[in-house]
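Shared between the two complexes below is chain A, which has chain B as its partner in the first and chain C in the second.
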Partner chain A sequence: MAITEASGGIISSLKLSRRNTLIKWAPLLVLVVLIAFFSLIEPRFFSVRNFARIFTAASPSLMVAVGVTFIIIMGSIDLSMEGTISVCAVSFAFCFMALGGTLASWAWLSLPFALVIGAIMGALNGLIHVKLKIPSFMASLAMGFVGTGLAMVMTGGDRIRIEDEFFRGLLTERILNFPLMVYVAVLFLLVAWVIQSYTILGRNFYAVGGGEELAIASGVDVDRVRIMGFMLAGIFFSVGALLAVGRIGIAETATGNNFMFLSITAVVVGGTALWGGIGGVWNTLVGVLVVFVIGNGMVVIGLPGYTQDGVLGLLVIIAVILSTDRKSISFVK
Partner chain B sequence: MSFIKKFIESETVSRRNFLMASAYGISGATALQMFGPSPSMAATYSDPTIAWSYRNRTNPYWNEIVSGGEAFVESLGKSKDFLTHLINEGSSEKSLADVKALLAKTNGELALAIDTNDAPNARPVVEACVDANAYVSTLWNKTDDLHPWDFGDNYVSHMSWSDEGPAERTARILLEAIGGKGGVVHLGGIASNNPAIERLNGLKNALKDYPDVELLDAEPADWDTQKANQVMSAFITRYGDEISGVHCANDTIAYGVLEALRAEGIEDMPVTAYDGNPQAVQLVADRKLLATVFTNPHWGGGITAALAYYAATGYFKPSDEPKEHREFNGPTIFVTPEDALEFKANYLDSVPKYDWTDFWGPSSGPIVYK
Partner chain C sequence: MYQLTKVNKKFPGVHALKNVDFFIGRGEIVGLVGENGAGKSTLMKIIYGAHQPDTGTIEIDGKTIRFQNSRQAMDYGIGMLFQEQSLITNLTVMENIFLGFELQFSNFGVINWKSMAKAAQYQLKKVNLNIDPSTVTSRLSFAQRQLVELAKVLTLEERIDGDLVILLDEPTSVLAQEEVQLLFELVRQLTNRVSFIFVSHRLDEVLELSDRIYVMKDGEVVDTVKGDKADIDDIQRKMVGRDIDKEYYREYRQKSYDQSKKLVSFNAVSVAEQFYDISFDLRAGEVVSFVGTEGSGREAILRTVFGLNNPTGGQFLVKDSPYSTGTVREAVQRGIGYVPRERKVEGIVNGMNVYENMTLSQLSSYSNKGILRVGEEKRLAENWVEKLSIKTPSVEKDCGGLSGGNQQKVVLAKWRSGGSDVILLDHPTRGLDIGAKEDVYEMVRDMCEDGAGIILVADTLEEAIGLSHTIYVLKDGRFQKCFDGSTGDKPSLYDLVHYMI
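What follows is the complex of A and B.
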């Protein structure tokens, strides 16, 4: 693990230099600059309707990115999101259709059912990582493939359409111009913030990420924290899956596609450091918005789509440069 | 002494014959490979292994292709597990390595249907099969200079689809529906994919006859529903009411577009799609989509395996067939609101039982190179 001056939330408050202030606010600054840039070129970008579109598109990814934020704070990584999302989406759809196909029946049970599936997938992930002592990167990547395969076997390659008006109300019903799913995402974001800031588990994530030996010495059951972390991430992936299905009305193996790149990019761009201990869910919110403002803004100002990935890639590098004090890192691996 | 003379003479002749024969054995065989093996050389097999080599089944389109292959195998009275699946996961190297391994295992007694993942990979795959005296039929990918008739019987056939014409027809349906004036947007596939290029060209061709329609924008949506959803939302921000119709490169893109429109409360925007997936056909029947094009991947997957198999068993002899039976375009069927339900009943609700020896019936003409 790389050694940094600001290694961990516990001691970071001891030394708040100007640089740290910059690091803390840089992602938000990037977001503001991007919004200003796109608005200047195309005034239609800066409208409530367009922000509603950006938030709607971003909601599923926000949930996934929040889930993986906990893992990254611990200094691990979870790459299982695509498989977990597919399995949750498809399980939800099967359960939903089997129980009546409308939220106005017992089919509402499929919502908690999907969350339980996500939790099980996440817990398995954590158990494999901790008990078999496989690096989280490898364990979760493999579990992701297992998930995609499982979803494939379940659907046989077919799509399941969810046409229920009540469930699709997530997209079609609006309060103050924003669809319901945006409010659901905000609600779960607040839940994540409470977990991060006001629970022992949340603080333990920072403890493990900031310095594992120190955490063990302080009596933290690190294995348990890790497994709980992966389980929590699984639940948030599942919320993301439900919102993704709500947004396009289709559950399929491909529901999970692209979420890995989007969420990891968003977390890093938001300023959560990959070696753990720094960052949090608000950083992730900013990161997700940066990614989706770019996606929307590029099309709105008429830039070709394939430049988007290039710009995002550059942003990741810039974000890592900004959030790293390279003088204090002795080696990079 | 004359018998000695005779003996020497006859020896010389037979030695010359022998030398000629062995020279022929080396060069003649290669010459034959150049001009196609003689009938006696292309051995046929009573029960060849049947294999399909493709990317993976996650994509519904490829799932349909492979299910066609399985239906064909079942038509032979075998279980569908008899079909060997070679899954390349998008790697040409794996595709070629898997084929070579299977050729070694089956000793060339193989009927192979394959999409070689990219065009340049078709030649090494075909050459490996020809060298092993196996039979191969290709789908979609091959370079323009590679032709089945240059390899005798072993390279049985190549099938592809030309999308420009059908995409132009869906575009005309769209442009008529918006009354021949206004603005349209196009959401395309992965920018470098050939079908994506052809489908956009189809739209551009149709637009030449409609001077009052403006192509506002064309963006790649990577064949992806969620990406299409985002791109369409951004289009709505940029162009708003200027958009009077949407031309989508395939059905999965159209699903994302329809949901982006639904989120804005727009219900009656004319949208065309492509591929004829079951849900898209239902949407056409419900008049949410204007048209889609069915390319019958089930038949395509089955017939590609059937051609390789029946050539391998000697049921027909590829080199006796005309060129348009060796390289041909797959079927295209238009689905519009008027005939969507009938089409759905005939093709999708119950998969038709195809005669897998009617190799060219449903196809739509030879492949034309530009």
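What follows is the complex of A and C.
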């Protein structure tokens, strides 16, 4: 009796670990299959030029998605990215133009300035969520609209062109065929990875997402962790905003458009669990690439671009189905 | 009319019911008593269809049946009055009464509220409750809610032809004395149609109400006594009668504690609605345990020491000074560690690995300016894995995949490696197998030798007696009696139970 029970336990835990392994690697597998699929249909897809195009387009979204990854690991959600990005982009542009309009002058200060603006927006978001005890999705959604409105007030609906050749070097300057902004994005991705794996804050994100009660019972200052998390997300949104401005050379209220759906899709498709505690920035990298490979691939093989959104929507649902162990969840609200 | 014969039920690692025979006649009131873990709740779950027996038969009026779920049991007239109030508080009384059975009042999916209100009124009359059925449930008192629940179960009278069996699980726990009497009167009136199974910790009430009493112990029915011939002392003895194995609890390792070093001291501390005027001292190397039934305030005391409750009266000192902020953070910093009852929920973070769980409470000691020294964390974890012989392939294994006993060791290692010297153990051996329990007992003795003090809420009375230097008995949040638990002079189970109930 005891023997059969024990072996039963081993078998079920084997099954469990096989399932976990599958879930862990599924997003990467999907990415590889997608690349193979598009390459077979259209060999031009598989070229350095095209990958450079995909990476360039993905860089701003990657930064935004990395920021929101931390929040989702905590089991919360941040929907303020579009407003935050707009405000950061517009404030950066104003500051940049006021200080001389070229990176070769004091105008370089507008880069850290934009990050500070992002941090303030994020911290505000976190404070509203934690101190007023408003669910994060509602607090951040509202803050997002506030941001969009603020950007509109600041610009009066105008676009601000940034034509400084040093700043535009983010796009035009290439190393090994990839524009500079791709390297900037990779650098910040590495920073995010260090934060995730080697800092108290990063560890506490996982603790809060995996068991908030327990984190409290272990003496973790959960409120502080949450506020810091939203602040960190704001900084990454701001980096995303700078890359977005660098890519098209224009800062406007609409700079933030579309980032919400893209970034959250990417995080979920990458395998970070929406209820927190599982996932990380590497998952998000894979998720962002899946999303952009699909977008680019569909254009390259000649499908109309607008089918993209529908496909991405389906992809999110499939990703959540795959990563959810429905047996362990009795109610979903 | 309702009969169980030779019913067995096993859960992984536990033989919860052993050849249980149970019978209830028409209009009879049957009491069911036993310690925590004696198998009462499993037996009840089998009776109302939430569990299915592994072997044995269920018969109603001589016909063998098998329920797949509790809804089917209801179709045979078996209803349950739950211990935790099962009403949905944001719905009205009538919606609660007919929850799941609204179809009878609906035309093409639209509910006729008037006819539902009328039907609800009729049900409420059965329990002598005069309230508007469209009242929102949260506005009722606990006693009223209890009656509404009874009214809800009594809708079976209309739905089912034939006899009913209604289980009452601790129905008096939220009621005042006169409300209890009203309930009992009602129950007696209803016996023309309904048989009752009455489960309670309050033996005097069971004796008062029941025609017959089943006494359970370790998954077996040890005796059945007639209500009019029952004797409280006799039943208590049958509930607990077991020998204590001294080896098992490592009694030979129980050393005397350091009288001079007070770690925690309570002086007439109260927390409103939880416990009142509790005084005790915890000294280095001592195990203090609190015993009492569920709701006697023992867990609340642990929570207070851990900064989760703040005292509303009295003086509470940790190492000779009170808390300044009264938060968990401060408690942890002052060297208090809490090993909670629900390991899966509160003990370890699922998805975090062994070393991450161990250092969660002390990250600042393993970091410079917020950057972690992961190598040191791993070395610490490896050290403790070896010290406590935690069975895990590596310290990078997800803690959720470890067995219960090993998870418990990780939780203990977390506090001890961080230098906590007051350890609060809330049912530390619940759900563990015997070998793992012995490991926990061994660790308790180790901690005492290292000069830590332990406050224990044990899983069983034997455990409390076997492990403790000092035992406090509580009842309804008040101190009853203090027993000295020195080796060779330990109180008996019976001594304790006497003051608990």
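Following the convention adopted for this analysis, the second predicted complex is superposed on the first by the 317 of 333 C-alpha atoms of A that agree within 3 Å, B and C clash if a C-alpha of one lies under 4 Å from a C-alpha of the other, contacts with A are read in each partner's own complex, and residues count from 1 in each chain.
Keep in mind that, in the parts below, contacts are C-beta pairs under 8 Å (C-beta built on N, C-alpha and C of every residue); 3 or more make two chains touch, one makes a residue touch a chain.
Please read all numbers here as calculations on a predicted model, not as lab measurements.
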Simultaneous placement of chain C and chain B on chain A, clash or fit: fit
More chain A residues in contact - chain B or chain C: B
First, second, both or neither for A:N283, with chain B first and chain C second: neither
First, second, both or neither for A:R44, with chain B first and chain C second: first
Touching partner for A:T148 - first (chain B), second (chain C), both, neither: first
First (chain B), second (chain C), both or neither touched by A:S218: second
Chain B, chain C and vertex chain A (Cα centres) - angle in steps of 10°: 120
Touched partner set for A:G156, first chain B, second chain C, both or neither: first
Which of chain B and chain C A:R247 touches, first, second, both or neither: first
First (chain B), second (chain C), both or neither touched by A:S110: neither
Minimum C-alpha spacing, chains overlaid - chain B and chain C, in Å: 29
Chain A - residues contacting chain C, complex: 5, 13, 16-17, 197-201, 203-204, 206-207, 209-211, 213-221, 277-278
Contacting residues of chain C [partner chain A, same complex]: 12, 306, 328-329, 331-333, 338, 340, 345-352, 356, 360-361, 363-364, 367, 370-372, 374, 401, 414
Chain A-touching residues of chain B, taken from the complex the two chains share: 57-60, 62-63, 191, 217, 219-221, 224-227, 229-231, 233-238, 240, 252, 255-256, 259, 262-265, 277, 279
Contacting residues of chain A [partner chain B, same complex]: 42, 44-45, 47, 49-50, 53-54, 56-57, 148, 152, 156-159, 161, 171-172, 179, 244, 247-250, 252-254, 257-258, 292, 295-302, 304-306
